[in-house]
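In what comes next, chain A is part of two complexes: it sits with chain B in the first one and with chain C in the second one.
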Partner chain A sequence: MSKTISIDGQSVPFEEGQTIMDAALAAGVYIPHLCHNPEFTPHGSCKLCTVKVNGRNVASCTMPAVEGQEVLNDTEELNADRLALTQMLFVEGNHLCPACEKSGNCQLQAVAYYLGMMSPHYNHFYPQREVDASHPDVILDRNRCIYCELCVRASRDADGKCVFGMSGRGIGSSLVVNSASGRLGDTNLAVTDKAVQVCPTGAILIKGKGFTVPIGRRIFDHYTIKQIQTGGGPHE
Partner chain B sequence: MDRPETPDIAPLLTPILAHHGHDASKLLQILRDVQDACHIIPAGAIDLIAVHLGVPRVNVEGVAGFYSFLSTRPVGEYQVLFSGNITDQMLGQDDLMQYLCNKLWVESGKVSEDGLVSIAGTSCTGMCDQGPAALVNGWALTNLDRNRLDLIGELIRSRKPVAEWPPMLFETVDNIRRADVLLGEALAPGDAIRAVLARGARKTLAEMDNSNLRGRGGAGFKTASKWSFCHAAIVEEEGHVICDIGGHPERFIVCNADEGEPGTFKDRVLLNSYADLVFEGMTVGARVVGAGKGFLYLRGEYRYLLGQLEGVLKRRREAGLLGDNILGQADFNFDIEIHLGAGAYICGEESALIESLEGKRGRPRNRPPFPVTHGYQGRPTVVDNVETFACAAKIAAQGGAWFAALGTAQSTGTKLLSVSGDVSRPGIYEYPFGVTVRQVLADCGAEDPYAVQISGPSGTTISWKEFDRRIAFEDLPTAGAFMVFKRKRDVFDAVRNFTHFFAHESCGFCTPCRVGTALQQKIIDKIHSGHGTPSDLEELKRLGHLLKTMSHCGLGSSAANPVLDALAKFPDAFERKLAGLAFEPAFDLDGALETARKITGRDDEWAHL
Partner chain C sequence: MTFELETAANPEKLRRVVIEPVSRVEGHGKVTLLLDDDNRVHQARFHIVEFRGFEKFIQGRPYTEVPVLVQRLCGICPVSHHLGATKAMDMIIGAKLTPSAEKLRRLMHFGQILQSHALHFYYLASPDLLFGFDSDVAKRNIVGVAAAFPDIARQGVALRKYGQEIIRLTAGKRVHGTGAIPGGVNKNLSREERVFLRKDIDQIVSWSQAAVELIKRIYTGNPDFHNGFGYFKSSFMSLVRDDGALDLYHGGLRARDEHGQDIFDHVDYGHYWDYVHEEVRPWSYMKFPFIRSRGREEGWYRVGPLARVVNCDFIPTPLAEAERKVFREFGGGSATQATLAYHWARMIEMLHAAEGIQELLLDNDLSGDDLVNTGTPALRGVGVIEAPRGTLIHHYRVNEDGLIVRANLIVSTTHNNQAMNEAVRQVALQYLDGQEVTEGLLNHIEVAIRAFDPCLSCATHAVGKMPLEVELVDAGGNVVSRLNKAPDGRCGV
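Coming up: the complex of A and B.
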């Protein structure tokens, strides 16, 4: 007999070694998340996936599932807190959705839709961040980076390259690239690298592909992020 | 990106890398040496270090960018960092810093044009009982006043090497004002280890258990449980190792001497005058869990202790108290290595500390797994506070029951308090647990006390109404800080100081803390500048909730404590400052003209809105 946890009263099976997020995704239960991507080692930094287990908040993407856990996920309080975190991510960077090529395919934007974000709420930080267009095929716009480190993990673990890394600290954190010049063009990044495909926002974009799919026909124009990330999206 | 001109750094780097055995886990130590030599981590050094250690360049750059005492932009040949704790501020730190800046013609936060000097602030340097304090090129300065700064200014202008400065400037004192069993009764080096060898490791663990010793670093976890988990981690893995077989190389004992919590300085005193007791405790721990290697993680601010601590270790090796076959016991091998931090409060958090020990950015790990099973290099590791190890040595020598008879039932033994602020006798006070705040205030000569910050910014603010509360895990748990504020003080100043501290020290890993501490600072500053409104107070409470409940580690989850405590206990401190409207824009029109005023050198009436 397989082991189970309960998420919002629903019984969800899991296997030893799975996290709460793994179990939820496998069962088609949506827990909002941004820094998690099932293909990579869980990171646990965005905290959007926070759930309540036996009265205590934990990040579901890193917390192992344990027999009998009572998990609260889709509650008003948690969604309000997730909304606040999403708003924080918007104001700490410079996200001008109407001018962004990722608009409509962006997970940050999609999560904001899902959580009912109507305004940024907090005052914008308007940080000065560098845009790096030095690579022939890829553009890195740090204004849209949410420090999920998916590119860092993908480059290190899937591409075996370590093109990306983190530097700085606190609100002064920054995404850095592996070259003495500090430029993406001087790294060995290839457009086919996994690291180029995983960015949930418009911080890493492939050049020469601007608006090939027009706005209005993009993924989240038709589906919610919940549908997409729990397998209810378009079938190929 | 422009790269500052640097001389050929290869000749400089070669001996540094060799000294650290080209070991990637020594990256932080290597970078500290480079910073010392160059007053910057030059981009070229990052390239070379990456090549020589065989790690990606981004990793080296990431570490160089994380720690406050490393910089990828030049700092002055003489770098003076003023300790920014609230107690330093109350002693006039702001004026003094400005005084030195004027004297040396340099703006705070900038480097003088000739590259000679830079002056800036830093988090509490742990000299609150002898402040205002500062660091010059990493060496601790105490009791600063204008006279001393005149002298320091001269020394800098005449380019006198810091090593040749008058020793008087660097004098530090213990200020032990009240000693109990830990500080008062001496233990001869080796006595505790001998007791352990006579009794056996298993029975020593039982004594630790009976003592009910709880960690002195803040969280108050029962030490015996931690040690037995660490020990059990190996038993489980290998199926057959039994407790009395010591010297297992793959378990680690780590002494947490990061002491970054503002207002805390008792570990400094223990390490200065009771280092044997601390190392003895680590050795006891090593025997109990079967560790072969120990680390002392010493905060960078205490580098001046490094030499003498190395001396104590050397003496203990010579006395057979460290090294192979300790006290002639064939299977007992244990030694201790000291690592220096580089200005990062978060590295006091045990898993961030372990990352830092491994030469990485100090980022708290995901837990589970916990360090007791997966710690340093993924091996079972005990991380305990300096004072915890000192207590452990005493318990090993004198037994658990002796210790348990002191203090209260839930909080056995004594506690070292670091008392500072508005008191006539600041310093170290050792009390049995259960002492009232009122008693401490009376003993330290507090003048008209109004509020006390227990356990530092991440602890609890108590008001004069609560002075009968007790220092104990069951009432007021503390890592040791005890900062006293008299009635004339503005509690808001302390709150503002603490919110700046947390924003500066957030590691930046998780959203709620990275952005939340920055937002909290902005709102507090807005209120400070007279633009606050009642809605800002509501926003602070909401942010406090997010920080407390959503953060990845204890830094974020306690970063709102001073704000929430003060809002609840000293609402006046905020309300006095509010602009009184329901809403005030965060954007300060007049403030926005500041840059223009600076450029044009104007500050007249017409240059203001």
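Coming up: the complex of A and C.
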């Protein structure tokens, strides 16, 4: 007989070694998340997947599932916190959806819609960040980076290249690339690399593809992020 | 010419009348008049006081993003900016469009012309034309038109709606879509979508004909007044097709002087700067373009529907062409330089757009799959298109990485800057000189501006949303009298 945890009163089975997030996704239960991607080692940085386990807040993507856990997920309080975190992500970068080619395919935007975000609420930081278009096939627009490190993990773990890394601390953090010049064009990144495919926002883009998918045929024109990430829609 | 009214000799002795806002979309404009003790006009200026900054803040952005970004300049004619920028990006990537891509863009543009011209004529200008320039201000709006002339108002709404549907199906959204991409378009029109649009197009053409008849009846019903209102002569500039036909999407630049003589013709707009320069004047954020060969004083010109209909040799759709001939021949050509004739020309163009849509919807290329081309990249791109209000120039330079390093946009309103100032001065001289200022008289000035630019007209008729305040200020800056138009349209002192 398999072990189970309870998420919002629903019994969810899990196998040894799975996190709460793993178990939830396998059971079709959506826990909002951005830095988590089942293909890569959990990171626990965006905190959107925070749930309450036996009264304590934990990141569900890093917390191992343990028999008998009482997990609260889809609650007014937790969703309010997730909304605030999402709004902070928006104001800390320069996320201008109307002119962004990732609009409609962007997980940050889709999570914001899912959480009912109607405005950024907080004052914009309007940080000065660089756009690096030196690579022949890929643009790195740091304005839209949310520091999820999915590209860092993908480049290291899937591509075996370590093209991306984080530098600095706290609000001074930035996404850097592994070349003497600091330019993406001087790295060994290839357009087919996994690191190019995993960005949940419009920070890493393939050149020449902007707006080629018409409005009405983008992923989130038809599906919510909940449907996409719990297997209710086509996979990216 | 009334250049002398641009700057009064002794402004310190004059009273200042300010119309602010000359209610408008996308920012602020105002008119200032300097009057002496006898209310004689000594200075009249139309100022654009908005500052947008698009040319600056797109620097450093990828060129692929620009056609979607810059269309946010406007909510009325975003398609024009979208297409103007995309044409420039076609040049950046060196692409020649496939037949399907060009026809789909042309269809999108016709939809834009149709909806924008319908908006301008029915919503913004018709209250003045149907009720009178100094009629009851409470009724001088689209709601008043709907009450007094329900069929006209209904047709105006339906025409605009149809144009918006064309835009929705070609660009993905009615406002601020993404249809055009460098080298082509991102979607075709399915056969079902074409059938859907064909269902109503005959009615749209018919209503467009009715619109031409309406403005023709109004205009010719009082020809001396309409010809003479804010009258002045100027050069005209517009795009024309290789054979001289009206072409709103693509062509060479043609400029003709006030006598109809060529200044230049079939000019490759990729070098527009050899022909048109821009002058900066200290009292306005908007530049004053002029034709280089004629110099700063004489080189100003008009663009837009009147310029296009007068400049072209013919219109390549039959109903609009017949109306062009009627317009040209009216009163021995007396309307061809008239400020209010912009409305007449505008409706002829709307009819042309409706006919153009009707013709294109039968073309199977609209459903083709060959939508995007590439070519040899370049570092500079210029896109020129005839927007509803006139010639629109988008000019970009990119670096080797494809990021924008420089941009120059010359929009229709900018081309018409001097002309709108001229119209304001003429109306000020004709109607305000020596008179006590009233709302009705001030509306005459706005009527003249409205003939050129729906961005400026929109808010004036925004039914209770945009108050108008006019102050009479003496030389010491003291308010002598004040006239208010409240949000409900009522006037008070």
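Here is the rule we go by: the second predicted complex is superposed on the first by the 233 of 236 C-alpha atoms of A that agree within 3 Å, B and C clash if a C-alpha of one lies under 4 Å from a C-alpha of the other, contacts with A are read in each partner's own complex, and residues count from 1 in each chain.
The definition used in the following text is that a residue touches a chain if its C-beta (ideal position, glycine included) is under 8 Å from a C-beta of that chain, and two chains touch if they have at least 3 such contacts.
Not measured: the values here are computed from a predicted model.
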First (chain B), second (chain C), both or neither touched by A:V131: second
Partner chain(s) touched by A:C46 [first = chain B, second = chain C, both, neither]: first
Touched partner set for A:G210, first chain B, second chain C, both or neither: second
Touch count on chain A, higher of chain B and chain C: B
First, second, both or neither for A:S181, with chain B first and chain C second: first
First, second, both or neither for A:I139, with chain B first and chain C second: second
On chain A, the residue positions that both chain B and chain C contact, one per complex: none
Touching residues on chain A, where the partner in the complex is chain B: 42, 44-48, 50, 57, 59, 62, 64, 81, 84-85, 88-89, 91-92, 122-123, 125, 146-147, 162-174, 176-183
Interface residues, chain B side, partner chain A - complex: 1, 43-44, 46-47, 56-59, 61-62, 64-68, 344, 361, 366, 368, 503-512, 514-519, 522, 542, 545-546, 549-552, 586-587
Chain A residues touching chain C - in the complex, by the definition given at the top: 98-101, 131, 133-134, 139, 141, 185, 205, 207-217
Interface residues, chain C side, partner chain A - complex: 60-62, 64-65, 67-69, 72, 171-173, 176-179, 181, 186-187, 372, 401-403
